[in-house]
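See the structures that follow.
The same chain A turns up in both complexes below, where it pairs with chain B and then with chain C.
Moving on, here comes the complex of A and B:
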């Protein structure tokens, strides 16, 4: 087992270096640079010498291999340097956004879980009844509707209905306050993106819960339990659901990791200052140092997650580690 | 035919009228309150001497003062400048316009308590005009006429010019020229202001959450006594226009200073009625199309003239202004400036005649003569809706009417600039000139082939010579004469570039925001010291 873990750990190193090479050089293929955008992008007259000076100061005129070596050195020492656009340390910029992204990811996951497991279970148990049809329509709609569109509809709906009912249009706050500073304001801002994202997320999980539960309910051991005269409620809750939830939990876990860096459009819709928005801004601003740091963090998270999954598989199934 | 926007006309007119009534009436000013504003761009750094984005100006300008500024009570005037840190009136040039002496206010203090003197002004302007090697200064080219900046005593600053220039005073009033403390520059170096703030403005810095908001609070020792009226402000970053609009509708923000398109204004007025006041103004930004002279057939003046002749500016003004932030037909200088062309002068230029069918017949004739009937080319455009994509699409329709086949290639900003500034391989590109203080003599350098922000790849010594005369002309009449010659050469005789329409600024805001008056640039009138909330 230890030999297997060591092998997997060693395999992570070339994976990370390969990803770093790809990220670094692909970004350099994109035309334009941060200095052009920052100084000339607003149409004001800018001396071309100033743009060149900016490039020199940011190291954009250094030899490409030198730039790459600095990046790799930074990566292994967890010093990503400074943002080319704002000049602030990248770890500080990411740290600022991490908290918000984490909170939204947790809230969306809770929303999704609370909706998905009961609905998926009811849908499976009441297969082909009107309840099942309603749940299926609800979940298919959730998959079909993009979260950002739902987000826009939520904001517009709040504006229109609050104005119609209370005479004053209300919308969620657009500036972030940490939950321990002002819980009500924090929740009144973040509950809506959590619902918008959680709905799609729950739809996927509902479908998965329904289909795996239907499969499990046809297993021999369930039939045996029924033959023994066990209560249907106990069969479902104690025997069937537990087994059916394994793939659902996997999906919830993957979606959670995805939400941490993937709420790109929803964050824009609700003006959330999270990692997704930072990602978009860094790409738009040609802030290479920030983009490559964010990409590498996502790569590290995924490589590490895969490592944990590999180890768990090997632990659960000895055939894998001996093969 | 009934246009949908007509139903909005009455509330809009009422809103505009209301704004005039309100601003013209002696309302009792109320002190207190926090102004929430939304900003559609990011802050690269706090250093005004380097940056050129409104994303920095809107949240950071309230912390700083300028030597002189546009009159906040009359910001639409392109020539009305008043003292901010200086005392009395803006000085007239002495010694044949080659010397300007500014008296500095006494008793002004930086937010850290350091008293302001003339030496701070000198240090600031030396940083802007004569930065040491390796130190960036985005606007030093504005001050090419300046020979030296000195303090003759603790409260007198003297600017010596190499030659008299009408562009000097507007350059000093540029809103990016934040006054820094000499002590900060000497002690902390010339890059300290990128990440630190110590000004003499109406508000003191409280906090900045990058990507989220900037907060400021009232500065008790502000040098304009009795101001600011607000207790503070919060500038909230909101990159998406739809969200900024909704933020005003939902009262999460009271104002956005850059401007909205007509449809957004109509939506707000329609939803909120008299709770919204609309201020509108011509904008010191113009959208151009620039043919690449280095590529055939755009090296042929007949083809360039055909391009400009095909464009119906007067018709475009009427219809495009309903959907885009463009409106006014103009020449090289800002339309409301004394140096700008009158309509009678404009219609003499190629492509500005009011008979569009005649213009287009001439365009077809020129294309035939040059052997380029049915000319096919690609228009390089920027991936920004307002007004780039809207105007780009309109231009294609205009050119099609004289038999040209144009494909629009919409590129994200980095690629757009790369094509324009580095690759230079475009056929025709959308281009723009967006300045802050209206300073036509400086602003029109855009049309010079030698200018760093000109992408036409041409050399025109005649135009350079006319500009030289314009820059050194001392009287307005002389400047006007040279400006017309310059305009005729650039837009008509050589058709180096084509101006589509000048932008039009529309600022719908919550009606309880009082005291702020729209300026012809989104960079101007942003000290926030004259704003109060009627809540």
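Moving on, here comes the complex of A and C:
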């Protein structure tokens, strides 16, 4: 097992270095350079000294190899430099927003799992009945409906519903309060974006649960269990589901990393000041140092999540460890 | 001397070669794949909308009309108007053009480049394959929308750049699937035969390997179109995709939709319905294409 973990850890390194090289050079593809585009891109006259100052601040006048090395060491020491837009350290800006995004991500994952596993199971058990069709349509719709539109519809629904029932229209609070300070207020703000992202997320996991469970239910050992007269409920819960959940865990894990992408749009809809919104703003404001840092963080989270999934997979399924 | 079994085989071949009337084929497909047919119907409706947009509506999708701002749905404006007085139905109909254009272009280019790269990687193997695989790993480490946003950060917004931004992340996703299929094809003796005949690498790749990985390729293309439409809508919604005044569904939800959610909900509802239906249609269609083309799944 340790050998397997070590091997997987080593495999992560070239991917991460490759991603760092890619991100680093992508931003140097910009015609002219970052400073020119940002300061003079709008066509207004800019003092060349100002551009020069900006270049000096960002270290763009240093040799390219030196720039790359300082970028890499920055990654290891969590020192990403300063935002080109606000001038504050990037680590500080991210720290401000990290908690909110993490909470929404976790809540969305929980929502998705709670929806996906029972729905996928019932859909597989009742294959080709109307229940199965309803669940399948529900999950295909989840993949088709854009999460930002679902978010808008949730807000609209809340407005209309509260107006009709309580006489005054209610909107989720806009300012963020940490969960340990005011749990009610915190949840009443964050539950909606979690549902909007979680629904889409659950759709993928529901389909996965259904198809793997169908496969497992055709295995010989399930037939044996049936033949010896075990209760159908026990067969599914104890025998089939245990084996079917492996790929589902993978999907949930992979999608957790993709949540970052989901958050980019949902945070915009609910006006949440999280990492996703920071990302969009950094692109809109041409804050390249921020974009670069955030892309790198997402990649690191993504690669690391994949590593954790692989290790978990190997731990749960000895066949993988020994192959 | 012709034996009876040979005659039977020949007649079977003739039977297979005999062209069945197109209506019979369609009927057969409808019975076998009713869900996919429903998807195809939605896709077809969308294509008709895009092609016949000027016939379907008399309004100009880009012309502001301030006396008709935020008119509710009615006989004059079927789905109402937006905050600039533009007819929503018209903008949705013309928006189908943008969505389909971006969807098909990105899916086709992304999958095709991925196809060629994937087959090349499998065919040459060895060190080339190894390096290629690592490079693909790097690209796959970027979630779809993050990669697209990074590309937009560099090239800027607009239809053309959105197409670039969506195409790039599609390439490694297709290349990887095609490569794994092509690996098994490389082991089949006819490739050795082609090599023994002295055919060039290009000829073997294009004439002998590519046609045999058409199934995964087509599966990827159909799956990509829906994803691309969704991605374009997301980018446009964020203000980082298609720009005003070009009609695009995601863009229609930007700005106005939330602001007027209470007073003019139609602005927020209809473009989202259009996006969802389109992606829904392409997904249903794509699922059926996969069922038909992938023999492993056919029995289920």
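Miscellaneous remarks
In the analysis below, the second predicted complex is superposed on the first by the 233 of 323 C-alpha atoms of A that agree within 3 Å, B and C clash if a C-alpha of one lies under 4 Å from a C-alpha of the other, contacts with A are read in each partner's own complex, and residues count from 1 in each chain.
FYI, a contact is a pair of C-beta atoms (placed from the backbone, for glycine too) under 8 Å apart; a residue touches a chain by one contact, two chains touch by 3 or more.
This one's a predicted model, so the numbers in the text were calculated from it and none came from an experiment.
Of the two partner chains, chain B is the only one that A:175 touches; chain C does not reach it. Within the superposed three-chain model, A:152 lies in touch with chain B and with chain C [touch as defined at top]. Legend: residue contacts after superposition of the two complexes on their common chain; A:140 is shown touching chain C, with no touch to chain B. In the superposition on chain A, A:279 makes contact with chain C only, not with chain B.
In the superposition on chain A, A:30 makes contact with both chain B and chain C. Once the two complexes are overlaid on the shared chain, A:48 sits against chain B while remaining clear of chain C. Judged by the touch definition given at the top, the superposed model places A:249 against neither chain B nor chain C. Using the contact criterion defined above for the overlaid structures, shared-chain residue A:64 touches neither chain B nor chain C, since it reaches no partner.
Residue overlap on chain A between its contacts with chain B in one complex and with chain C in the other: 30, 152, 155-156, 159, 169, 268-269, 284, 286. Interface residues of chain C, counted against chain A in their complex, comprise 134-135, 137-139, 141-146, 149-154, 226, 230, 233-234, 237-240, 250, 253, 257-258, 261-262, 265, 268-269, 271-272, 275-277, 279-280, 283-284, 287, 300.
Those residues of chain A lying in contact with chain C across their complex are 14-16, 18-19, 22-23, 26-27, 29-30, 140-141, 143-146, 148-149, 152-153, 155-156, 159-160, 169, 211, 214, 257-258, 260-261, 264-265, 268-269, 279-280, 282-284, 286, 288, 291, 295, 298-299, 302-303. Chain A meets chain B in the complex at residues 30-33, 36-48, 50, 53-54, 57, 85-88, 93, 96-97, 152, 155-156, 158-159, 163, 168-171, 173-176, 268-271, 273, 277-278, 281, 284-286.
Residues 38, 42-45, 50-54, 134, 136-142, 194-195, 209-213, 234, 236-240, 242-243, 246-247, 249-253, 271-272, 285, 412-419, 421-423, 432-436, 442-443, 445-446, 451-453 of chain B touch chain A in their complex.
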